[in-house]
Amino acid sequence: MQVLISIVSLGVFCLLAEIFNLRKLLVPITVIGLLAILGISLNLWSTDNSLDTQFSSMIATTKFSSAFSTLFILLTIFLIAMSDDFYKDHQAKFSDFIAIKLFLLTGAIAMVSFTNLAMFFLGIEVLSISVYILAASERLDVKSNEAGMKYFLLGSFASGLILFGICLVYGATGYFDMGEIYDLSQGVGLPVWYPIGVALIIIGMLFKIAAAPFHFWAPDVYEGSPTLTTATMSTLVKVAAIATLYKLVSGFSVVLSLKVENIIVVISILSMTIGNIMALRQKNVKRMLAFSGISHAGFMLMAFLNIATAANNLLYYTFAYALAGISAFAVIIMVTKNKDNENIDNFNGLGKANPLMAAVLTASLLSMAGIPIFSGFFAKFMLFSDTMKVGYIIVVIAGVINSIISIGYYFKLVLAMYTKDFDNNEYKPTNYYTYGVVAVLSIVINIVIGIYPSLVTQLLK
Amino acid sequence: MEMNLAILLLLSPFVGFLFNVFFGKKVSKGFSGTIGTLTVVVSFLLSVCFFAQLNQNGKAFEFSLFDWIQVGNFKLNFGILLDQLSILWLLFVTGIGSLIHLYSISYMHDDENMHKFFAYLNLFVFFMITLVVGSNLLVMFIGWEGVGLCSYLLIGFWYKNQDYNDAAKKAFIMNRVGDLGLLIGIFILAINLDTINFTDLNAGVVALNKTGGNQALQWAALCLFIGATGKSAQIPLYTWLPDAMAGPTPVSALIHAATMVTAGIFMVTRMNFLFDLTPNVQHVIAIIGTITALVAAAIGLLQNDIKKVLAYSTVSQLGLMFLALGLGAYNVAVFHVITHAFFKACLFLGSGSVIHGLHGEQDMRKMGGLRKAMPITFWTMMISTLAIAGIFPFAGFWSKDEILMTAFHENKTLWIVASIASIMTAFYMFRLMYLTFFREFRGTEEQKNHLHESPSLITIPLVILAVLATIGGAINLPGSTWLNHYLEPILAGKHEEHHLGSTEYMLMGIALVGAIIGIVLAYSKYIKQAFVPKTDNEIVGFSKTIYNKFYVDELYTATIVKPINALSNFFRTTLEPALSKVVFSFGSVAYGLSSQGRKLQNGNIGLYLFVFVIGICAIITYLFIAQ
Amino acid sequence: MGNILNEIGIENYIFLSVLLFCIGVFGVLYRRNAIIVFMSIEIMLNAVNLLFVAFSTYHQDAEGQVFVFFSMAVAAAEVAVGLAILVSVFRNLGSIDIDNLKNLKG
Amino acid sequence: MNITTLLILLLAGAIVTLISGDKLASRVALLFSLVAFGFSLNLLFQFNQGTDISFVSNWIDNPKVAFALKADGLSMAMVLLTTALTPLIILSSFGNNFNNSKNFYALVLLMSFAMIGTFLAADGLLYYVFWELALIPIYFIALIWGNGDAEERKKAVVKFFIYTLAGSLFMLVGFAYLYSKAGSFLLEDLYKLELSDNEQFWIFFAFFLAYAIKIPIIPFHTWQAKVYQKAPTVGTMLLSGIMLKMGLYSVIRWQLPIAPNAAKEYMPILIGLSIAGVVYGSIVALRQKDLKKLLAYSSLAHVGLIAAGCYTLTVDGLNGAVYQMIAHGFVIVGLFFAAEVIFRRFETRKIKELGGIRSQASGFTSMFMILVLASVALPGTYNFVGEFTVLYSLSQVNLWFALIGGTTIILGAYYMLRMFQHTMLGETNTKVFAEVSLNETIVFVVIIGFLLFFGLYPKPINDLVNPAIKEILAVINR
Amino acid sequence: MSPILITFYFLAAITLATAFLTIYSKNPIHSAIYLIICFFSIGGHYLLFNAQFLAIVHIIVYAGAIMVLMLFTIMLMNLNKEDEVHKPRITRLGAIVVFVVMSIVLVTIFINSKTIVGEYDTSGEDFQSIKKLGNVLLNEYMVPFEYASVLLLVAMIGTVLLSKKEKPGK
């Protein structure tokens, strides 16, 4: 709760800062503030806090929520750090952007720590609306408008679906409180509204994580949005959605009947396959990463087949995926900053022009592809291993085949960086300081948790 | 003490090899040749010592240097076995080797790579000694392959000529075909007997035969024999030997006449206890040997290259030796090996002397009348020719006669065929002599002006060998069979002595008459009719077939080499890309799907929603309606 | 006062809501005018709101109605943001036909 | 002191090389690799003394993964092979000038590090991590410093990477399954597993895909020739000299003991496939026009024989396979180096454009000749010891296998001598061929010396490897 | 058939019809007006449930705020013409099919579900007076209530951000 309050305060402070003309200091202050909040969050980890119990019917800090909140805050720190340079041309709106990002963070945190569906719904709406805004924020760019519009229309549709689902759950149980719902769901005699409602909520969440066949928005929106927003969507938003999905699935005690498992299997395989195969022919890096994100969603869904270990595996997977994503996007933003598109050609010769950044991008792609020692490997391995334990070898095989396909497009980028010469136009290393720092930091964290996976996997112990 | 001497015996040529490899270029040619020769002489002298010692106490001498390979249930040591057989071989290998080294000092003096030549020769002697003294099949195999290597190196000694290189390669590869057979034979023995030590094998083979392992033994014997056909140039693996004449003549004398090619006979003799138990294989050996003798002799009839004639003669003689082996008369075969080594080495060296005198000319059609210019060469060669033709009392007469006699007793058909081969031998050898030394010179004027007798370093070995070719038969004269007694410890089986009865005398007479017929025929054709062989393209009919060696090489090329090359080309140009394509096709499929998928992702929100709703309906239907 | 649902039956409200919701979905799919699409989404949300109130009565519980307030707030926020996006689309493209939004594809 | 120090040393070497700058990089790398070699000799000494040099500690709690490095004779032999070849390979590159050489040499050391890790790992996942890790450096080495047309090279290298990775991922699935059974990745726990025949089949098959591609066994070899051709020679040496052995080593260490019944059941097919590789590789090699490609196919033939030896499941087969791995590692490095030496002077690898070198460089010719002879397993070279042992083991299984496998000594001689004849012999080449330099000579001499010495006295290696093989066989036949 | 049920059917018919007409009519202004009628009918439903406060809020928010906003936008864009091109026939057909399918699916599952047998609960307590709602909203639901303000704040900033013009250059 404290975390939520302090982030909101920080957001409001940002808005006020505009008035006091603190624009230059905004990013450092916010980052420091977030770091402090991160400290608070970590400090609250084990201690029971009174404030929390007071509102326990709405929000509860659990190990699960703390762990994910930590990840969200970390990601936001990176995202905000990059904002400094990214929104240089939008001085007038600068503080708004920062504030929206902070509010977005609160949405994400609300999503993983809710105990009441009202909080969940508001959280997801705060998150979604913030992202609609960010996606459309390049108001003079048709692509950005289109992306915002598409995301908005489809997103509202999904929100309607989620709301309908909540309604049915409420109709069946008479409660919005997760604890009560959980208790009721253990017994028998709930009307069929309950499973239908749960199914609708989960479908809505599947849309948010862009799992097939609800994935169509993702590539278009990722491509059209400003790159930093794409970074936000593909890391923070996706991670928050998947964590929430887990929380819902476990909270609603969706009994994993054969049918449900079959659906998960199908969606998981479908997402992986569609994502990877479609990514093969993409020229635009953001679009490619969008498809890659779809496939990762498929991988993460795999975790739900073994619900007992899902929390741990998802936490690790999201850490690995999001950190790799952040560092990849940091490099992408840097490289495509002064270009009018994000095509792979722009990366030609990066290996020579800026070896460090090329190495970082390579590392993050390798992590996404699941090559050891990067954490992506362990993430995938844990999924495979635990899925195997419950006997779904077919999903594992599909995952393996998809991992192989994914190399095909990840390496397209690597090849461009190392084997092609850069185009005639001179490569201008703009102020890449912050991007560089962010990229390196996040990939270092990625590698560190790759070498010591226990750092993350112990969080939920 | 003996052990050290044995090691010295073995390593002495190797030291020569090392010296010539590393310092040969820095010292004068003569010095390098001298070192090369001396190291072999040392070995020879040591061999003589061992021979003397063996004669005194009659005990074989065996010791192990170090553990080598460990396979299966047995350890192979790098062991040396000096018994009657190996010492006998050592004597003539190092003895003739020394002579040929000596000869080479002069013969190769003009070659810029003389030190290498001596290095290779020394290496050869080293490997040959290894082959001979190895106490188990695998050590023998080292030598076996090693001499093959040296043969390769020396045939291709003049490496700038790719034809020579081809010949060298051919020799090596055909030898390897045999080697594979040998190796398989070793495997069969090793698997069944858990040993490949010669001394243990004997007992093992006998025991195995008693317990019903004859089948395996037969296969083993057959495989070993295949090995022997490779090294000793028997059908079907003989075609490399005539080509091997591309090497310098001393090499032909040493390797391809006197020593290396007898390795097969050595090996079969070594393993006589095995072959004695496998009569079927013995029959095969005898038949193959006889056919080889006949075919090679027939080809030899019409060859014009002086060295080729000798080469086919070698093949033919080796065939006779295998005939003897096949008949179980190992001692006879060994006897012929020794005498053959004397006269064939002499013949080759003589031909080398001729070639030397003519500055590299090898075609007999361009020789003639050299008797006057090169008297020593002529006389020594004449003696050897008489020996090989089987004229009393030269060495060849005795040994060849023994073979024919054995054949007569065992199988009349083989005897007849072998006799025909002998007659042919006499014919083509005298054809060689007549064409080379008699009548007038047919070469160029310039050659004629430079005709001269070779220097003494060349003639001395010739003389020594001629002497040996004359008296060499003495070691196993009928009645005074020293060699038979000497070899008794080695040859376990019974060997009946041919008592000199009337049959034997008659056979000797027939053989002698046959040889004389051959000589007379040659005389009438090449001296009386003054016939000179036609140029290559005038030869027609059956003689063309013979002249072209029955087209065996062409047959091999067409049935083995070409198909393999064609297969290789097929694999390289068709199968490999196809396989590669299969792998790529997975990628292509994925790419194709990707292209199709992109059409679905058409940017239309309506479509996205449509699929979205369909998805919802499908899930709900599956979960709540479908049973 | 008795429960009104005794007269009507909760099923009827469910069917009404479902049909309303489906009409909303239909509108989203059927029309290309973005404003009408927005309206369709509003219809969907209202269908749910209606059901909330019905369930609230069914359970005799205030929370359902409270949730409707949140739902309204969300609807309002969405509409505001949606219209803002729509306006900027209109400014750039001169049209609010969602079928014209096809720059991003493939 | 234990084996982790060796790994740390190499890793440190990679880092120091990276920061030492382009000029010093090669020498720093050589220094580190030599130190590593010395160190591994010391380890060998300790190992022979019976000192415990293994290192086991917990790494990840869930899934339970241990950082377990253990050395037995087999691992030691492979480690020594790696540490001995690495300095040679580095030294062999002294004649080349690479762009960005600090990265290059760092990658070489990194690869060496990963390979040693693979050979030592006693925990399935750790092993897998090293296994994959080894792939990355070679990918970049081949991609960036390779030769030939960039597009084709890219295609070949990417194919290689994806292909090998594809195979290993199936192995990963196999490990995941094993873990779900055993609850641990530790080698000894996996050895203890009692799997049904069906399970064994699938595990074996999953592992087989990984190894068959890595080794490679036909028909999974299609990546090989192109990559060997396109990679820089250093890369080719690393690949053929050591990396292939990772696959073969893994067959012995992981595949056979974990799924012995499957190995026994399918032995004829496995051996048949391997031997088919021998014949196929030899025949394809016959008509190759490119020196490196020819050597690549020769390598295919040789490793086919080694694989056949592994799959015989006899002491001799496994022993022989190890001998042959070591021998092949040395000889192929030497042969590729010879190709490189020629390329440095003539800038071509087309056999047709070569020839007539012998008269200009007799020293080089002799050394090349010896390597060629070693590669065709002439007795007296270590290759013979290996090949003999393997063929012997094959004949124990079935004489026909030995016979068909034995054709390698004929075909091998054919293509190698043909290659030698056309590259080295013949009329003096019009281009000038400078005699080998000191650095080059050292590389050749060390390799040749090794092969000849152990060819005559293979006992030390035998004594090192044999006990380990016997232990593994005991597990196989449990 | 009780009067209440008749009222329900009447209101339901209006709701569905106007909702359908909203979508079907070509002129956006007409759509908007139909939608307002639809909202009023839904308000009628609320009144039927005796949820007066909610009904009033509903009318104020939807009819008063949201629809005005929409109408305003329609006017702003000058869209009161019937110039919208229809979607391709296939798409419309698809939309109809989806509509039918989805309705059938959803209706089917709710028909399949067990119907509530017997009387509905009547607690007799007050549960939907303004007082009660206020209590629930500001006690139990205080956090979401406050959080909704963040939501609205975000929407507000966002709208501003999306519409604010920037100085060119810089």
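In order of appearance the chains are A, B, C, D and E, and numbering begins at 1 in each one.
One rule holds in what follows: a contact is a pair of C-beta atoms (placed from the backbone, for glycine too) under 8 Å apart; a residue touches a chain by one contact, two chains touch by 3 or more.
Note that the structure is a prediction, hence the values are computed from the model and not measured.
A.B. asks: In this assembly, which chains make contact with subunit A and also with subunit B?
C.D. replies: C, D, E
A.B. asks: Through how few touching steps can subunit B be joined to subunit E?
C.D. replies: Between subunit B and subunit E, the shortest chain-hopping route counts 1.
A.B. asks: If you average the Cα atoms of each chain, whose average lands nearest the overall Cα average?
C.D. replies: D
A.B. asks: Report the pair of chains linked by the most C-beta pairs in contact.
C.D. replies: Chains joined by the most C-beta contact pairs: C-E.
A.B. asks: Between subunit A and subunit D, what is the gap in Å from one C-alpha centre to the other?
C.D. replies: 42
A.B. asks: Which integer distance in Å separates the CA centroid of subunit A from that of subunit C?
C.D. replies: 27
A.B. asks: Take the average of all CA coordinates in subunit B, do the same for subunit C, and state the distance between these two points in whole angstrom.
C.D. replies: 98
A.B. asks: Centroid of subunit D to centroid of subunit E, CA atoms only: how many Å?
C.D. replies: 71
A.B. asks: What are the residue numbers in subunit E that touch two or more other chains?
C.D. replies: 87, 91, 94-95, 98, 102, 106, 109-110, 112, 116, 140-141, 144, 148, 151, 154-155, 158, 162-163
A.B. asks: Quick check on subunit C: which residues sit in contact with 2+ other chains?
C.D. replies: 10, 14, 21, 24-25, 28-29, 32, 54, 58-59, 61, 63, 66, 70, 74, 77-78, 81, 84-86, 88, 98-99, 101, 103-106
A.B. asks: Residues touching two or more other chains, restricted to subunit D: which are they?
C.D. replies: In subunit D, the residues touching two or more other chains are 162.
A.B. asks: If we use the touch criterion from the header, which chain pairs count as touching?
C.D. replies: Between chains, contact exists in these pairs: A-B, A-C, A-D, A-E, B-C, B-D, B-E, C-E.
A.B. asks: Please output the residues of subunit A touching subunit B within their complex, sorted ascending.
C.D. replies: It comes out as residues 149-150, 153-154, 157, 161, 192, 195-196, 199-200, 203, 207, 213-214, 216-217, 219-220, 259-260, 262-263, 274, 277-281, 405, 408.
A.B. asks: Which stretch or stretches of subunit E touch subunit B in the complex?
C.D. replies: That would be residues 87, 91, 94-95, 98, 101-102, 105-106, 108-109, 112 of subunit E.
A.B. asks: Please output the residues of subunit E touching subunit A within their complex, sorted ascending.
C.D. replies: Going through subunit E, the ones touching subunit A are 109-110, 112-114, 116, 140-144, 147-148, 150-151, 153-155, 157-158, 160-164, 166-167, 170.
A.B. asks: Which of the residues in subunit B come into contact with subunit A in the complex?
C.D. replies: It is residues 587, 590-591, 593-595, 597-598, 601, 603, 605, 607-609, 611-612, 614-616, 619-620, 622-624 of subunit B that touch subunit A.
A.B. asks: Mind listing the subunit C positions that touch subunit B in their complex?
C.D. replies: 25, 28-29, 32, 98-99, 101-106
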